[in-house]
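Common to both upcoming complexes is subunit A, partnered first by subunit B, then by subunit C.
Showing the complex of A and B:
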């Protein structure tokens, strides 16, 4: 930009700053610098450091020794590190169950239901509770002889046949997954309701006239029109499961085989202060997540090629609006 | 459905009845699932120590006016202070991130310049990196700048604009006609004036949405808060409950009172701004 000005006359900074182009450049710079700086300092700088640290044996303070790829070898060889990743299978299953429940409830709630708003509110509210509060609520909920056991006893179970929900390794991961479903199901449901509501209401009327029942309406109207958002959520559920953290961290602290990958990583980083190893763990998982994100992009390109990809639809929309405007102007002129 | 059956009178199909019953059964069942853990917490929070030890958890307390646990929880966990801290953090972060977020969105949407796409994707990729993993080295940087254990340090760290609100802003911006900008330019307005006088006021609904989403996130932020705010005096609401980990770990009547106090502000905000919260969730998810 500046070069173009220079060719014509000796560059005059004050003049340039007053010109439209100069103003534009200045406002761009001024408005971008702070967010970009924050992004750099708190995201990309840590990211760079993380890659760097992963090659060292080090603590937060003190001496560092270069160990090459040893940390990465450890990540894959140590039983507690990479093995913890298989716990994400529990969370993937949980997320899929959550998706089905959310979809079902969203469908019910988007038809006319008495007290629909109340149900929606009750189901959604857990999403607004902080992680540690949820930790306490469910520690209490699962304690031997407390809430959950009492409810099951009402249903005819005997206390001595019930497992310790948070200690017994055969069920404790499911208990934690259930809390995660409890917490996030409502949010997903609200999201689906939003998507279903955006379906043209005429379609339902037409379907009603044709005598289609609710199930048919669901299969033929609702599902096709929200398949993008559902697929997106399935993929997000997988990446989310890989990084499952809060529930085991606050409820069990990762004890009794509930330590997910990040819980272990947190322990390695902040309790035993093996920053190098923790960094390597983080880098490995970031790599997996980025690969998943890449696959997701590909998936969307090939499966929903006709559906609007964000960038394209955005450009297409702008172009269309412009064209319409031009057409309108031309018509107005023609009219005169 | 219910209206349909009553209207059509005689020709109620069996399927419709089944569906009508099933529908409410499912809704009530899942609503109970959502609410029971909370209700038992409320019940327990009103019990005296003696009641708590002798009665079943599902048994109602002797009196729902026994606020002693609430008073005790409030004072031991210093929740007054914690609430003030939370409010300070929230107000500062929201103001800063709305300003820089709308500015960034304005520039990215309205101007074509080299690097526009790069900046967008930098923010997008950043949103993929899970926060917990990043804290391993963010901690390092925070201690390098001496920001650990200071409220302002935590505020600065939380200000990093998140992609979701930027996307909400950009989405809204697309619907604000460029001709408004153009006519203002003809009138001789500077870009700053356009941003401040035209764009910012028109973005108000988007700002409300973004504030609610981000506000909920900040109020509940727990992991980063417990890393960077370890002094008792600067604890936020979400981590003030930390006081109950350890020596008081089994006095659930006290803990439940603490939990209820900590979620009351969220409940009040939820009841007051349900619509905005729902639309925020929907808007944030379409692109996020």
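Showing the complex of A and C:
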């Protein structure tokens, strides 16, 4: 017995490292450790810290006191925190409008259009401007008697009938949403064009032969082919709406009833220096976003049911196997 | 085979890196415990002046430190002085003049438009500039970050407002400039509208604004709020203490313990009267038509040209308004229209204070001291910027306030140094501490007419009382 053990070579690290298997393992480890380390240091570690902060009453500098769940209780009790979430509805509506326009323009532009590339460029252009610059542009755009009012006056509107675009609380959020749509529509459109390009041209031909019009082609060929990218864009747009920040922060500073959740969070964290409370707000928002994403997934599963036929057959197979097993068991029992 | 060699090389590389990393860690571990260098207070920083460094008071700029070679950095909020288009003296010109006296000290100037927040981030990182303007830190933490200039008695002989950033009798900051709080206005507009003597009470002030409105109509905004810029709104907080009460202990001592400080005292004084001026002006249409799109940079030349009657801003703005157009002579600066028992007060106080990094090397600290003292006494910075005197015994200034009494806030009593900060944070009113949104809301409510002024004040009183309760503060009527 003892001799047998001696015969078997003891594990040699150096030798293992030189072997093909060892080399493979080491290289894999070496390559994977760098992205993992970056991911950990810049994403998970700060996130963990933030969760930790949310249990403290603390400022950026100075002492910290542990307060348990008090910050979370405050988030749910404060009027401004959840009131601000209502503003997200404006941005969600804006995002859906944006999606429809983008899809419409993308469909048109992916067929042969005169000056198509020029239009693509023009529509995509706003996305390239920095957010801060957009803030300044639109502050002047909406100023009383400036650009927007002048254009509307050319169209026959009277200045006294026009609202104050940023002052009037019934329209100012729509003004900001319009800015956001203006900026991101082009980007969304380009994504859709890319997806539509990959649709097989023979399908159109076949549809033409069958006498389908353009709208029918869109509904039955284009939309099903690009539904993955549509779904993705909807998810991104809705999470983006929940965390809307740039437009209200730059254009109005969140004043006059335009303070979204992020703007309020920024104010709590930086002006009042309630870092703990702000961290708790961030964690709550994360939870809300996760819930929304989950709901969307369920929703799309329901809408695009036939797409999941693979999964259904897998379930069916599982059920069949289970039934067989049960039958075998029953037989064995009967045999006894 | 080639593949194998490359792989071996890569492996050797990674192993070497990881070995080096291990080595580094153990080395540090034996010499110092990690972390102590940056964030925990070191006792030596609190004792100043240190060995080998000539203190602020003893430093003689004509003879000392002429051969000192060092490179220091200087972080501040005056981005406008970075631009060559600035009509006053720019940072470049100051540094050039400084290098004539001290050619071997290199000063790198860094500025930020978002100084109040950026500077806190710098401090928190542990790696910050040699000379900085002190942002909103707790006084108890001063010695962690900054070097002491000396004790209070010594520094009182050197600079005014020495107690502004004082803790445990040590002074950590010297004022860059000192400002007073009044109203910057266009003399010509006021004269043409028939306002012969400057208003001294809220009612007279509102009357004056009405006269301007009647005379100029849409051509001139009587009171420009600068709502959109935000911080210009927070400026209103600076008038509620000395100016509105004549009591130098009000802001740092009485306010902390007063029950309902925002209530109506009925005699046109106290915080209520200050904010009421704003509410009434907006409610009577004496401010700009669309407040959400005000433009701060543009407002300077508008005031200079007579398109704006006045703006409620500290005296630091005076020099900028004069520089903004061709009518420098029309720009004037008047006391805030509140009279307490027949007398007008103007609170004067330091602007940002300069402080020196406690973790710098001795050479850098000495160079920083030389630079700060030079800026204070030789550069003319304060006078150029229209400040009140900051060097003890100095009287030169561009401001002329007649019979108005200049007073400055007494510091908080011992043990309550951070109480105002705590109450500000808890109540989220952030008085004189970036509480812009609460004053923007006064304008919104006045314009929309959806909340009376007394209701707003009642809400603030409630918030203040809740904060006092949280902090366990003793409250008096």
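To be clear about the criterion, the second predicted complex is superposed on the first by the 285 of 336 C-alpha atoms of A that agree within 3 Å, B and C clash if a C-alpha of one lies under 4 Å from a C-alpha of the other, contacts with A are read in each partner's own complex, and residues count from 1 in each chain.
As a working rule, a contact is a pair of C-beta atoms (placed from the backbone, for glycine too) under 8 Å apart; a residue touches a chain by one contact, two chains touch by 3 or more.
Not measured: the values here are computed from a predicted model.
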| item | value |
| --- | --- |
| First, second, both or neither for A:74, with subunit B first and subunit C second | neither |
| Superposed model, subunit A: greater residue contact from subunit B or subunit C | B |
| First (subunit B), second (subunit C), both or neither touched by A:53 | first |
| Touching partner for A:282 - first (subunit B), second (subunit C), both, neither | first |
| First, second, both or neither for A:271, with subunit B first and subunit C second | second |
| Subunit B versus subunit C as contact partner of A:256, first or second or both or neither | second |
| Contacts of A:132 with subunit B and subunit C, given as first, second, both or neither | first |
| Subunit B versus subunit C as contact partner of A:23, first or second or both or neither | both |
| Contact residues common to both interfaces of subunit A (with subunit B and with subunit C) | 23, 27, 30, 60, 140, 143, 146, 270 |
| Subunit B - residues contacting subunit A, complex | 1-3, 15, 19, 23-24, 26-27, 30-31, 33-38, 40-41, 44, 56-58, 100-101, 103-104, 106-107, 111, 113, 119, 122-123, 125-126, 128-130, 132-141, 143, 156-157, 159-161, 174, 185, 190-192, 195, 216, 219-223, 227, 237-239, 241-242, 244, 252, 255-256, 258-259, 262-263, 266-267, 270, 274, 277-279, 281-282, 285-287 |
| Residue ranges of subunit C in contact with subunit A within the complex | 4, 7-8, 10-11, 14, 117, 120, 123-124, 136-138, 140-141, 227-228, 230, 289-293, 295, 424-425, 428, 430, 433-437, 440-441, 444, 447-448 |
| Subunit C contact footprint on subunit A (complex, rising order) | 17, 23, 26-27, 30, 59-62, 139-140, 142-144, 146, 164, 166-167, 169, 172, 252-257, 259, 267-268, 270-274 |
| Complex interface listing, subunit A residues touching subunit B | 20, 23-25, 27-28, 30-32, 34-36, 38-39, 41-47, 49-50, 53, 60, 101, 104-105, 108-109, 111-114, 117, 119-126, 128-133, 136-138, 140-141, 143, 146-147, 150-151, 182, 185-187, 190-191, 193-195, 213-214, 229, 239, 243, 245-246, 249-250, 262, 265-266, 269-270, 275, 278-279, 282, 285-286, 289-290, 293, 310, 314, 317-318 |
